[in-house]
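Going in written order, the chains are labelled A, B, C, D, E and F, and every chain counts its residues from 1.
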C-alpha cells in the first residue's frame, strides 16, 4: 500500500463521546491512554474535535437529547471514519434498555463498525476494537 | 519543578506499558468475563432469565427441545445468572468476550432433561 | 415503617422552610412520590449535624407549588427535576428550565437574547439567595 | 547569490521540514518515556501528516486554505533564508508572518474556539516576539552582523556573553513547540478549554500543511537557539537538542498557565532579563 | 466591552462528561453562565417498576460506574433496614474494604483528570499509572475492574482469602508510596498552585448554605462526612473527616488527596477486623415501608429514599447524588472566573453527571 | 519648467479651493477636485524627476513672499487669540500671545537673518512628503466628494457647507507642498502655522460640542508647538543669523553650540506628530469626518512633525538630544501601540497606530544616521499610503455599517467585500514582510543598533502592532464564506481605495528599488548590506504565495462549508446553536482587548507621565 494509505491505518485519531454512559466505560476508555495501556503505541491520539478525529468511540445509551449531539459530531468527522460502540450500553442500551428516556444503543442513531461488549468493556477489549476497526478500514482502503 | 524526579526516573526506567496485543497478561482467575453455558447440562428451568437484571436471557421450551438465548451485547456480566443456576451449567470465563463487527445473539438449543441429552452445536445467529 | 416528617400545606411551606433555615439547617433535597392516581407527595429533607428533618407536602398532580428556591437557591435544580418528571410546576423558580431540564422538546424558532436567566455572581448569589 | 548559497537554500527548503518532523517524533517518544509510556514510533508525525493529507473534509471557511498556504510559504521561506545565511532579523519577521497567517485563518473559522485560539495565539505572539527579537539583537551585537553566517562565524560560543537570554529563548521554544506551561492557544493532544484553539477549524489537507509549516517553524526556532553555541555543526545540533530536551522536561513538570499570567509575569520577566543582557553587552 | 458566547460542552475534550455550559465571556472572563443537563438522563429511578428489588442492585450500581459499589451499598442498606436484616460483621467489614478501594481509585482518577484540566499531562499519566494497581485489586478480588457487583441484600457475595488480604496490603504499601511521592507536586508545585489557589473560592457559609457535598463542603471548612453516621463497618473503625479551609480548587484537591491516603488506612483497619462470620444472611419476605439512607461517596453525600409496599417491585427509588448537590454551588462560583479556569473549577467539584441525572 | 511645477504644487490647490468656494455647484466642485488631483500628480512627478534640486520660484523667493510670511506670523496668532478670547480658552490665549511675542522679537527685536540662498530645496525627504501630499492627499480629497455628500445627508443640513470645507481641504494641500519645499525658516514657519489653522477649522467643521472641544484642544496644543517652533527659530536667528534650512542642518555648524534650538524644533515636531504626551489632540480630531482624519491627522499633516525631526536628523546624530529624541519616539511607538491594542473603535485604532508609527519615524530621526534617516523616509512615505488606505476603508465601512466600532464591523467581508479586503490588505501591509512598513521597521531596528533601549521598545511596539492588525483584519474577515451581497459603492469611493491599495502594496513591494527612486543621497542598500538584497527574493516568494493562494481560493470558493464545531450543538440556523431549553441561541462573538493590561485610562496616565519626563529630559539635555 502507498504511504498515504498506510498512514491512514497508522494514525487513527480517536475521539471519545460520552453519550449517556455511567462513567464505567468512560474511565476504561480513558485508561487506554494511560501508561499501562498506552494506545499512543498505535499512533492513537485522543482528540477532542470531530474535525480531527478518525475513530469515534461512543460509550453509553442514547436518549433524544444526546442523539442530536451524536449525529452532529458524527457528521462533522471527515471520511473515512470508524465508530466503536463501547460497553453493553453502547451496543444495545444494556441494562438500561427499558428505562423511560433511553432509545437504545448507538446503532439506533449512527452506523457502528465495532461493538465492544462488557460492562464496562475492559481497556484490552477497547484496544481490540480499534485494531479490528483498523483491519476493516484496511480492507476498504485496499479495495479502493 | 516538583515533578522533576518522577519524570527523570520514568525516562530511565522501563515503561509501565503492557504491550497488549503482543503480550497478554494471565487473567485473574476470579474475573467475570465471557458468559458460557454448558448446554448439555442445562435444564432450561429459566431461573437465570428471570433473575437477570439486564433481561438479556431468554429461555423457551418447545416440545422436547429447549432454547437458551443470550443477547450478549446487553449482558452486563454481573454473574447473577451464574449464581442462580440450579445445575451450575453457567459459568464465566476469566477473559473478556471478543469484540464483533455485527451484533449477534447467542442461541443454544438442547434437549429437555427428561430424555437423555443430545447435543446440538451452538449456533450464533445474526440478529 | 415510615420516616418522620412534619406535614405542611402549600400556604405554610415557604414560612416553614425559612424557619428551618433560620435554625441552621440546610436543604439536602426534595423527594417526590406518587401516592395514588391523583395525589403526590413532596418530601423536603433538611440536615443539621447529620440529623435529618423532613417536611411532607401532599398535593394534587399537576398542581402548582410555591418554589423555595428563592429562600434556598440550591432547591432550584431539584424543583426543575420534579417538574420534568411529575409535571408539578413551581412558582417563582429562580432558574426555570420550563420542564426541559432533562427531556427534550426541540424548538427551532426562538432566538431570544442570551441568558435572561443568568446566575448571579458569587458573593451576591451567596448573599441574596441564602 | 552564488551557487553554494543556492544549494544551501534548496537544502533548507527540503530538509528543514523533515528535521522538524523528526523533532516532533523525538518529542513524542521522549514525552511518552517521561510519562512511563512506550510511545509511538519515531516516524509517527509523518504518518499523521500523511493521514491528514488523505482526509476528505469540508473547510470551515473559504479563506483558510489561502492562509494555510501562505503560512507554509512563509515558514519555508524563513528556513530557506536561514539556510542561505541571510539576515536573521528578516528571517524572524518572515516567520512571524507565518504565525500571523495561522491566526488569521483561525479568525476566519466558524467555531468560537477557533477564534479564542486565534486571540490567544496573538497574545502569545505578543509575549514571545519581543523576547526573541532582543535575543537576536544580542547575538547580532556580539557577532557584529545580522546575517546567519556571522552568527556562526564567532570562534567563542555566543552563550558566554548572553547567559541571560537563555530563559527567554526557552520560553520562545516552549511557546513555539506548544508545550506546557505555554500551550495556551492550542495544544496538540492535551485537552484544552479551547479544544485545539487556533487549530480547531483546520482539518484534513489544510491541517496537514499547517503541521508541515509548524515543523518548519520549530526548525527555525531551534536553529536560532543553536547559534548560542555555534562553534561547530555538532555543537549546534547538541545545543538545539538541549533546548528541545529542556522544553520537554518543563512540559512534563508543569501545569498550563493562563495568557494573563504569561503576559503579566513570564513575558515581562524574560524580556527584562534579555534586555539586561543587551544593556550589559553595550556597557562592555 | 466585547462579549463572546462560548457553548461549552456537552462534547468537549476537557469535560469528561456531557454537561453544557452557556458561557458569556468578556476578555475571557465569565460574566454569565447557564448550565444545561439532560445529556445522560436515562430515567433509571423509574426502572424500579420493571425490575424487582434484587435486580435493582445491578441497576443502581450503574447509576455511576465510579462509585458503583457505594451506590449498591447504600441501596442494600436501605432494603436491609426496611426488612430489618442484621448484616454479618465480616460482610460489613468487606463492604468497607471495597467501598474504600472505590474511593481510592475514584480519587486517583479524579486527581488525574484534574491535572488534565490544567494541562498537566504527565501528572495525569502518573496518577493513572498508580491507579491501575488499585484496579487490579478490584478485579482480582471481585471479578470486575470497575463495577464490582459485590453487594447483595443481606451481605456480600465475594470473599477474601488470606493470600488476597496479604496481597492487598502489600499492594497498598506500594500505592501509598507512589501517591506520597506525588504529594509535593499536587500540593506545592508552583504552576499547579497558580492554577488552583484562590480559584473558584466557596466560603464556608456559602458552601453550607448552598448545600455543597463531600470534598467541596470539606474543602470549605465544614467537617461533615456521612461516614460519621457509622454505617457498614465504620462503627468499629477510627475515622475523622478531612477538612481544608481555603475553599478554593486547591483545598478541594488537597482534601481528595488526603482522603485517598486515608482510604488506604481505612482499608487496612477493615482488613484487620475481618472475622469468621457469614457473608450474608438469608432474606425472607418483601421490602415494605419508607426509608432514607445516606452514605459518603467519593464525591460526597449520597441519599437514597426507598419506598416499598410489600411487593417485589419497589414503589419509589429516589437517588440524590453528591454531584446533584454540588451543581448549584458550581453555578454560583462560575461568574467572574477566567475562562481557562472554568474547566478547573468544574472539575474541582468532581462532576459526575451520570449520577446527577440518573 | 521646475518653477512651474512648484507653482502648480503650491498655488493651484489654493486657487482651486477658492474656486470651489465661489462656484458652489457640486459638479464644478468635483471637476475642480479631480483636476487638482491630476495637476498635483503631474507637478509632483515633474519635481520628482529632478531631485535633488534647488530653485527660486518668484512667489517663494521674492521679498513680498517674505513679508507675507512675516505677516502671517502675526496674523495667524492674532486669529487664534481672537478665537481663544471668544471661547475664553486660557491655553489658546496664552500660547497665541506667546507666539505673538516671539514673532515680534524675531521681526523687531533681532537683526533680520540672511535670506536663504535658494527659496526651494528639495531632497528625497521633501520629495517623499510632496509625493504623499500630492498623490495620497488628492486621492483623499476625491474620496471626500461622495463622503461629504453622504455625511451631510446624515446630518440633515439645510445649507451645504461643502464649498468652505473643500476650500480648506485643497488649500491645505498647497500649504503642505509649500512647507515641504521651502528652504527659508520663516516661510516654513508660516506654512506650519497655516496647517495648524486648517486643522483647527476642519476638526471643528461639524460644529458639534464635541468637535468644538476637540478643535480647541488641537489648537492649543499646536499653538504650543508653534511657540516651540518660533522659540527655536528666534534662537537660531540669534545664534547664527541664518534662515537657510539646508545650510543650518550641517552638523559641523552645531559642534559645540547649544542644542536648545534643535531641541525646541524637535519638540515642535513632536507636538505636531502627536507624540506622547500630546497624543490627545489627534485622538480628539477623530470626531471630524473621516476624510479629514485621513488627510490631516494620519497620512499627511502629522507628517509635518516627523518631517521636521527628520530634517534635524543629521544634526541629531549621536548627540544627547538625538538619543533622547530617539527614546521619545521609540517610547511613543511602544506605548501607543499598546493603547491601540486595547481599542475597539476603529478610528481610534488607526489614530493610535498613526501616532505609533510617527514615533518610530521620530526614533529614526533621533538616531540620525543616514540609514536611520533613510528608513524614516521610507516609513513616512509608505505609512502615508497605507494609513490613508485604512482610513478610507474605515470611512466607507462607517457609512455602510453605520458604526466605527470594530465589533460592529465583524464579518464585513460578507457585506462589502471590496472594502473589507482592501482594509485587510492594508492591515497586512502594516506588518508583513516584504511589504513596506515592515521593511521600514526592520531597517529602523538595524539602524537603532546604537540605542539598545530604543531597540527593545521598537521590538515591543512591533509585536503589539502585529497583534493589533492581525486582529483587525481577522475581525473583518471573520465571515465564513466568499459569496457575498455586494453593496454598491460609488466609483469615487472605490477608485481612491483601490488606487491606495495598489499604492500600498506596490510601494511596499517596490521597496528594494527605493534607492534609485527616492534616496540617492543616503544609500540604504549599501548601509544594510546583506539584508537589503533579500527583498527582491522575498518579493518573488510573495508573488508565488499570491499565485498559489489565488488558485486555492478559486478552488475553495466552490466548496460547501462545514458546520461549526461547538461541542456538538450546531443548529440548523446559521450563527446559532442549540442551547439551554432546547432553543436556538445566537452565537455572539467579540474580540479580546485584555483591558486590564491595555486599558486606555490607566495606561495613558502612566505612559503620559513617562513620556513627559522624557521630553523634559530632551530640553534639559539640550540646555546642559
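Note that in this section a contact is a pair of C-beta atoms (placed from the backbone, for glycine too) under 8 Å apart; a residue touches a chain by one contact, two chains touch by 3 or more.
What you see is a predicted model, and the numbers here were worked out from it, not measured in a lab.
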item: Chains touching both chain D and chain E, listed by label; value: A, B, F
item: By count of C-beta pairs in contact, the leading pair of chains; value: D-F
item: Chain closest to the assembly centre - both centres taken as Cα means; value: D
item: Greatest separation from chain F - chain, by CA centre; value: B
item: Intercentroid distance (Cα basis), chain E paired with chain A, Å; value: 26
item: CA centroid of chain A to CA centroid of chain C, Å; value: 39
item: Chain B-chain F separation of Cα centroids, rounded to whole Å; value: 80
item: Where chain C and chain F are represented by their mean Cα positions, the distance between them in whole Å; value: 64
item: Per-residue multi-chain contacts in chain C, two or more chains; value: 100, 102-104, 106, 114
item: Chain D, residues touching no fewer than two other chains; value: 32, 34-39, 57, 60, 112-113, 115-116, 191-192, 195, 200-201, 203, 252-254, 260
item: Interface hub residues of chain F, defined as touching at least two other chains; value: 562-563, 565-569, 578, 580-582, 585-589, 591-592, 594, 596
item: Residues on chain F engaged by chain C in the complex (per definition of touch); value: 571-573, 576, 578, 580-586, 588
item: Chain A to chain E touching residues, read off their complex; value: 17-28, 30-31, 34-36, 46-50, 60-61, 63, 65-66, 69, 73, 94-96, 98-102, 119-120, 122
item: Residues of chain D touching chain F in the complex; value: 1, 57-66, 69-70, 73-74, 77, 81, 86-87, 89-90, 93-94, 96-97, 100, 103-104, 106-116, 118-119, 122-123, 125-126, 129-130, 133-134, 137, 140-141, 145-147, 195, 200-201, 203, 260, 263-264, 271, 275, 278-279, 281-282
item: Chain F residues touching chain A - in the complex, by the definition given at the top; value: 562-563, 565, 567-570, 578, 582
item: List of chain B residues in touch with chain A within their complex; value: 15-21, 24, 53-55, 71-78, 96-103
